[in-house]
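One chain, subunit A, links the two complexes that follow: it is found with subunit B in the first and with subunit C in the second.
Up next is the complex of A and B:
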């Protein structure tokens, strides 16, 4: 377990296979939740993760590809697309400060 | 731990990731262009002689769009993935070579020559990158693209096009054989498990769309559009989860149902199956039943319903197929609901099961309770 300080996170990328469906949905939800925090949330195709991403969120089944596409970047994986504790933890940490375990 | 501590070095040998990646490459040539497929599908459904408002003049749009526009968009997009804007342009030129004079819609050909031509141009650009005298960049850039692109168009017309034409015809013959022998429902045995491993786009848009469009061009509808995209099985499984699934997960299910069935984002139900892998049997049974109904009633859609929402289904159903399409969706949902409910033991003994289950879940980390796990180990284990 390594924790990264929330202050290091400027941009969160939500990645899915096509970058058109589930990632857009989750990124939209997170954008609303993190509205006034100054953290940018974007969606991307898991094989084309932007270089300026500070944190990547993706479904567990796609984690291997996310790590291959963005070596060295912290990846937080989740299982379900609605109300997953891993995602909630990230939101809470960004809002309240602290570290994110990855 | 080193600075790389939170990201284990990517091995790149994981079979699942490799298959996902290749499939995703194929799908990503098609998916950005689905809007164009839908435009073509709607124009076809409306204006062909058997359509809603037949029109000779507007019907003229149908053939050029499927023959030229759609393959060239795919070749263009495939080229862009490999080599940016220059790759996109050469991909379109190369696709023209396989398209002209072909007797089938050249989707497969476009998916081959688009990225291939872009790759060759990319190698040329790399080779010349640091060797150009200042002021000659534009001249070399434009003529390299023009000459290599022109050569690919000729090569496409002479060699690649005819070869792919044969392959497409064989594939079409194979599909017809499967259809004529009523074996199509058995395809669900392969499709449903692959789907929940996030190969859904690869299968639907990488493999089935090109075959389906060829059928749709000839018969103005295809059942192949509905093999992967049927929202019925996912709906049935989610409903079973709502009633009989692990209690901790039930509150998330209504939202998931709306997103899956109405919004068409099927990914939302995959995790619920991955957490209880035996439910894949329910997905297979639902898919099998749905395809059987589609097959018996001769149902088909005019274009790729993407995302796989019931609204996309209703919009892309041709005149005369409504009963078959709706029946297939409803039957698939009902069958997968019943099978999933049985597999979930109608909610009985749920607590005891959760413990036992968590051991044989390969991909999903923790068994049934909402997973608290966010560590990297889960997915690569």
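Up next is the complex of A and C:
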């Protein structure tokens, strides 16, 4: 497990299969939570992760596809959509500074 | 006029007391409601079931958000949401019970705000209960109305 400094994170991508449901909801929630931090939050299909993504959030079951689609990018996985501890940790780290374990 | 300000969720797209035999029946009825409001073509309905089979759309707090696979997007005619309030909860797998479905048809990003609002409502036990107990389309729409875009009602 390595930690990446949050100062390196400018853009977070929430990835899911269709980019229509769960990832959109989580992206919307994160956008609100990170509103004043300058970090951009977008969602994307797991097969079309933008090259300038600094951090990828995705469901556990899609982690392998995300890693294959964006080699070398840090991936944080979550299991639940509402209040997942892994997602909360990312929010807290971005707001307060520090590192994110990936 | 009590649809959401962005027009994505209309009163005609909210149904109460829906009887569903099981999870797939609920998803099918979600699809048919999206067809009925002109948001998708018939072909969207099986694509929603396919998506449900891949990964459950259950999100917690007794709510699921059925939608299609990436391949099903071509059957979307316009961005829209639909809400199905079930007469009795159905088993959504892994021991989860769902009693409210928010069905999604979307090509773009316009529904991001409503879904963010839904997430906030569901994380607030009082508002989540209000959503589950709502009996009119107006109440559901008011609860999901993104903050800062509320109408003068």
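In this section, the second predicted complex is superposed on the first by the 102 of 102 C-alpha atoms of A that agree within 3 Å, B and C clash if a C-alpha of one lies under 4 Å from a C-alpha of the other, contacts with A are read in each partner's own complex, and residues count from 1 in each chain.
The rule is short, and it goes like this: a residue touches a chain if its C-beta (ideal position, glycine included) is under 8 Å from a C-beta of that chain, and two chains touch if they have at least 3 such contacts.
These numbers were taken from a predicted model, which means no experiment stands behind them.
Chemist: Under the stated touch criterion, which partner chain does A:75 make contact with: subunit B (first), subunit C (second), both, or neither?
Modeler: first
Chemist: According to the stated criteria, A:59 is in contact with first (subunit B), second (subunit C), both, or neither; which is it?
Modeler: In the superposition, A:59 contacts both subunit B and subunit C.
Chemist: Between subunit B and subunit C, whom does A:28 touch in the aligned arrangement: first, second, both, or neither?
Modeler: The answer is second: A:28 touches subunit C but not subunit B.
Chemist: Does the superposition put A:51 against subunit B (first), subunit C (second), both, or neither?
Modeler: In the superposition, A:51 contacts neither subunit B nor subunit C.
Chemist: Is subunit A touched at more residues by subunit B or by subunit C?
Modeler: Partner touching more subunit A residues in the overlay: B.
Chemist: Now for A:18: first (subunit B), second (subunit C), both, or neither, which partner does it touch?
Modeler: Touch status of A:18: both partners.
Chemist: What residues on subunit A does subunit C touch that subunit B touches too?
Modeler: Shared contact residues on subunit A: 17-18, 20-22, 25, 45, 47, 59, 61-62, 80-83.
Chemist: Could you list, by residue number, the parts of subunit B that touch subunit A in their complex?
Modeler: That would be residues 1, 3-12, 14, 16-17, 20-21, 24-25, 27-28, 31-32, 197-198, 200-202, 249, 251-252, 255-256, 259, 263-265, 267-268, 270-272, 274-275, 307, 363-365, 370-376, 378-380 of subunit B.
Chemist: With touch defined as at the start, can you tell me which subunit A residues reach subunit C in the complex?
Modeler: 17-22, 24-29, 31-32, 43, 45, 47, 59, 61-62, 80-83
Chemist: Would you mind writing out the residues of subunit C in touch with subunit A in their complex?
Modeler: Residues 51, 54-55, 57, 59-61, 65-70, 72-73, 104, 106, 109, 111-113, 115-120, 122-123.
Chemist: Please name which positions on subunit A make contact with subunit B in the complex.
Modeler: Per the stated touch rule, the residues are 1-2, 4, 16-18, 20-22, 25, 45-47, 59-65, 67-68, 71-86, 89, 101-102.
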